[in-house]
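Look for subunit A in each of the two complexes below; its partner is subunit B in the first and subunit C in the second.
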Partner chain A sequence: MRNKYVFSSGTVAEASSLQYQHRLFLREMGTLIPERFPLNEIETVLDAKSGPGGWAIDLAKAYPAMQVTGMDVDIDMVRMATEDARTAKVTNVTFDVGNICKALPYTSAYFDFVRILMGSELASPQMWPGIIRELLRVIRPGGWLNLIEYEPGPMSSPALDVISPLLSKALVKVEWAVSPDGIAATSGVLLPRLLTEAGCTGVGYTLYPVNLGGWDNLAGRTYVMTALAYGNRVTLFLLKAEMITQPDMNTLLQKIEQDVEQLDFCGVGMLISTFARKPTTQEAHTGEE
Partner chain B sequence: MMQSSHPMQQSSGNAASFPPTLPRIQVSQSDTANLNTLLHQYLLRAQEGRLYPEIIPVVEMECALDMGCGAGEWIFDMAKNHPKLRIYGVDVDEMPLHRATQRRNAKGLCQIQLRHIDITQPLPVPDSFFDFVHMRRCTRSIAPTQWPGVIAECIRVLKPEGWLVMAELELCQISSPAMMAIQSVMTQARAKYGNSMHIRGEMTGMAPRLYGMLLQAQMDNVAYDLHTVDLGFMGGHTARLFLTEIIRYAWRMRPMVVEQQMMSSEGFDELIKQASSELLAPDLCGWGVLITAYGKRGNT
Partner chain C sequence: MSEQEIVEGYWLATNAAESKRLLVQHRYFTQALGGLLPRSIPVRQVHKILDVGCGPGGWALDLTRKYSHISVTGIDNSCIAITDATRVAQMNGVHSVTFEQMDATKPLRFANGSFDLVHMRSASPFIQPAMWPQVITELVRVLRPGGWLVLVDYEQGPTSSAAFNRISMLSMQAVRAAKLSLAPHSLTIGAAVRLYSFLLNAYLFDVSYTIHGVDFGSGNNVDAPMFIDELLAGAANIKPFLTRLGLIESEQDFDALIEKVREELTQPDACGYAYLIAATGRKDG
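Here is the complex of A and B:
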């Protein structure tokens, strides 16, 4: 079990990059909780990987009747989130330290709605079935689970094309890859199967493209850079896995920055938002018969 | 005219030997035309039902060209919506073009003209002839090095202030490991024949580069639209038919894969069989993107 993100830096830069990510993803998804979930049946909410708390605080502000809980593995993130909530005078949100890869610090059947954004940063594909089981424990019968993964797609930068195979190899090396050759599916597209196998009902997914390029899309291009270079998450991971030397990495990052700064940069990522329902007590009984 | 030296086109000639166990989703021979319609509808649904970007004033236009028109699905839809528009369709592949011609004749649609032309060669068309040039899914017949030439040729035949639209698909992730492996093998095979820009060889890599190429060609109002292509069970029956078509296409590249010693023919057959069964999984999930880049020819 790991306590830290697979791409870890644990700095303030990381927090601000996650805040940036939250705003960009919100722009692309359009809502905090997708419309398919019945908001009037949701009171208790858990963001089980809340980072600096952007989503949890926004949700608590938008729905004052909800009780929102944010949880993160990094105590500094939890402190920052608590501080932000206090500054914004949002009282219906609290933050705890906890790890989705371990037993959750909550009683069974407590939450109506649980979400995780980019859980695969903490969880290897082999760990997901256990994680889903524990998430379902803290969800009430008939409650909802929303697992969202981000996957980078095609980009017009030759330097970025160098990063992705390095990353695949590094993930294979630390045994976090879905397949031994690193070319098979990511966890995002595997989640509907895992949720079905965990006994959930109403399993489905929604795809949201994230536009990263275009001359008039500074937000998208900035995200590519914060996620890679300035946030240093990927960089540190690649160095630690000894996939590339520091000088080579610096040269590569410079090239990526040049590519991404070009007005003709075009790139896309995808948010895979999978959703499922924990069977009601009645459904669970019918399923057992 | 057809370049017989191009390996992609050579291999597409002997398509008859598709293994009898495939595809698992039944598509009878007489339904091929139907399949083309379905796949067109599938991509059109991804494009939110729009045959072209909203900004393009097609109602004011007289004459359009569809490069790589295939069986003419886009053309027939355009003709229905714009009865006064003259539409030319060109393709290097004679089989679908023949079907398009039959359909045109049966419907008596004089506004449509179809020609057998290799779109990588100079077009037998005078300068400034079209108001609108459209291309969709042409990466299979145009090598990366040929794209700038093709774009220059499109701009030559466009009238001043005419529009060029290019839509290309990238298949990105799918929960079928065999399908991912096939994509990887296919792109490697293409790379060996000089038909891939992507270093890794997993994606074809053309779609995100079209936008830059249009800017490079100094077109005006250059932009691109993104559309999600759902490859999983939420994409419905058509998504599976579409994947079946991808497998069929991969099967046609088998001689190249074996010749390049990337895989044994037995290994490749096994992979195709496995992919065909994996894409029937009830919880299949996957995605691709359609990138539509477009721009306007300047006044000069």
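Here is the complex of A and C:
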């Protein structure tokens, strides 16, 4: 099993892109932990795909009483996150190497709250049921799970539009696709059902549209450029899957950059934030009867 | 088959069922948008509104009901929609709204500067990509200086129903075949994300847009099943066109898909969404 994202580069540029992503998504979602979760009942938190640690560090800073753990497959990300936490003098956060697709390095029923942002970068649709089972193991009875996926939407740039169909084809090729037609890029829309099937209670989701365009939206445009155009994830994946040649990709990236720099660039995406609760011991017992 | 024939005969059949479909859609979209007009519009300064592509008049009637100081003129190319809208207005004793049959892709029969605000929602199925700039120029012409132009359009997103996603795919292929897509490379209509650009390029000022999720989950919105039902009824309008294009084997196959969607998207853990983008700008002067 791979120890890297399906779109992988493991570079500093990647970490920087993920930091932009964190800022942008936080802007659109408004809070680090959605308001529906009772903060006063949450002490131990796991971000099971923490990347460079932006969310985990922000959470630890905002709630000094919490014990926050960040976990990532990429040892370089874990090092950077640990370094950032030390620099910021945040002591209630630690970072470990771990893969959501494997056994998690934590004891059972340890965490009150577990979240994963964009787990589909590591997990194919077939892998999710097993991943959810392992996540539920490390959550205490009555604890909460928050799985968030990002789906890119339509863009006003014709060059950017070239990327989506290529990506769909590539995902089908590596047997990572959610739907063969490429309508859904991630498992996001399937997660409520998978969580219900895994025996969770209180399953639901919230949609957060993400604005990538507009003349005054530097965060959105920068995210598009760092995540797509400079392509530390998506473009390398497309090249590796032999969906496009390097020279064609370079031409495409130049066009994308021109389009995204236009005053009238508009683009959207959607965050699907799925929430669920692990049944309490009592509920689990009743369910068995 | 001409584009006109596609639009009139196949793309959207205009009849009583269609009026009902559009009214349900109007209510659901208004909910998703968080109101009839974007919050940035100072409603007190708005007295005369033109609603372009008013359909059976749901938006115009709701607006005049909510704001007694506003009068709305609704125009639509469909005579049936106009007849329906006029009948409903009379039935409800609403006098501050009038409806007129008019083609928004041709010069409008209104004097310059006639309206404080012009509203056009879900027009993309009726406007050829190359015609957008001239349509918008004409809307700006009938707007008074300082008046507001509000454009709203739709783009489908993914759902947890594979059958629904298949129907989306077929609809997009039909849109492409009818040469109504503004995105040359992707299976999207591409209008919603271009409204912002259209307004900027029409030299409007204070141009901005907002993005809204249209939620398909019945757990989040009790009206979702009804909205999805009517969306499927709309999709069924294009069956003959899809058959003609060879995209489906038979109309029965499509009906089977629709049945499957009804089953899959009414589950309590069903998930799916679409985008609505609302773009606004003001006329200079």
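Just so it is clear, the second predicted complex is superposed on the first by the 281 of 289 C-alpha atoms of A that agree within 3 Å, B and C clash if a C-alpha of one lies under 4 Å from a C-alpha of the other, contacts with A are read in each partner's own complex, and residues count from 1 in each chain.
Rule of thumb we're sticking to: a contact is a pair of C-beta atoms (placed from the backbone, for glycine too) under 8 Å apart; a residue touches a chain by one contact, two chains touch by 3 or more.
Since this is a predicted model, take the numbers as computed values, not measurements.
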item: Overlay on subunit A: subunit C relative to subunit B, clash or fit; value: clash
item: Partner chain(s) touched by A:258 [first = subunit B, second = subunit C, both, neither]; value: neither
item: Subunit B versus subunit C as contact partner of A:267, first or second or both or neither; value: both
item: Which superposed partner A:250 touches (first subunit B, second subunit C, both, neither); value: neither
item: Subunit B and subunit C footprints on subunit A, overlapping residues; value: 151, 153-156, 158, 161-162, 164-165, 179, 183-185, 188-193, 196, 203-209, 211, 213-214, 263-268, 270, 272, 274
item: Residues on subunit C engaged by subunit A in the complex (per definition of touch); value: 155, 157-160, 162, 165-166, 168-169, 183-190, 192-197, 200-201, 208-209, 211-213, 215, 217, 219-220, 267-273, 275, 277
item: Interface residues, subunit A side, partner subunit C - complex; value: 151, 153-156, 158, 161-162, 164-165, 178-179, 181-185, 188-193, 195-196, 203-211, 213-214, 263-268, 270, 272, 274
item: Residue ranges of subunit A in contact with subunit B within the complex; value: 151, 153-156, 158, 161-162, 164-165, 179, 183-186, 188-193, 196, 203-209, 211, 213-214, 262-268, 270, 272, 274
item: Partner subunit A, residues of subunit B touching it in the complex; value: 170, 172-177, 180-181, 184, 198-200, 202-203, 205, 207-212, 215-216, 223-224, 226-228, 230, 232-234, 281-283, 285-287, 289, 291, 293
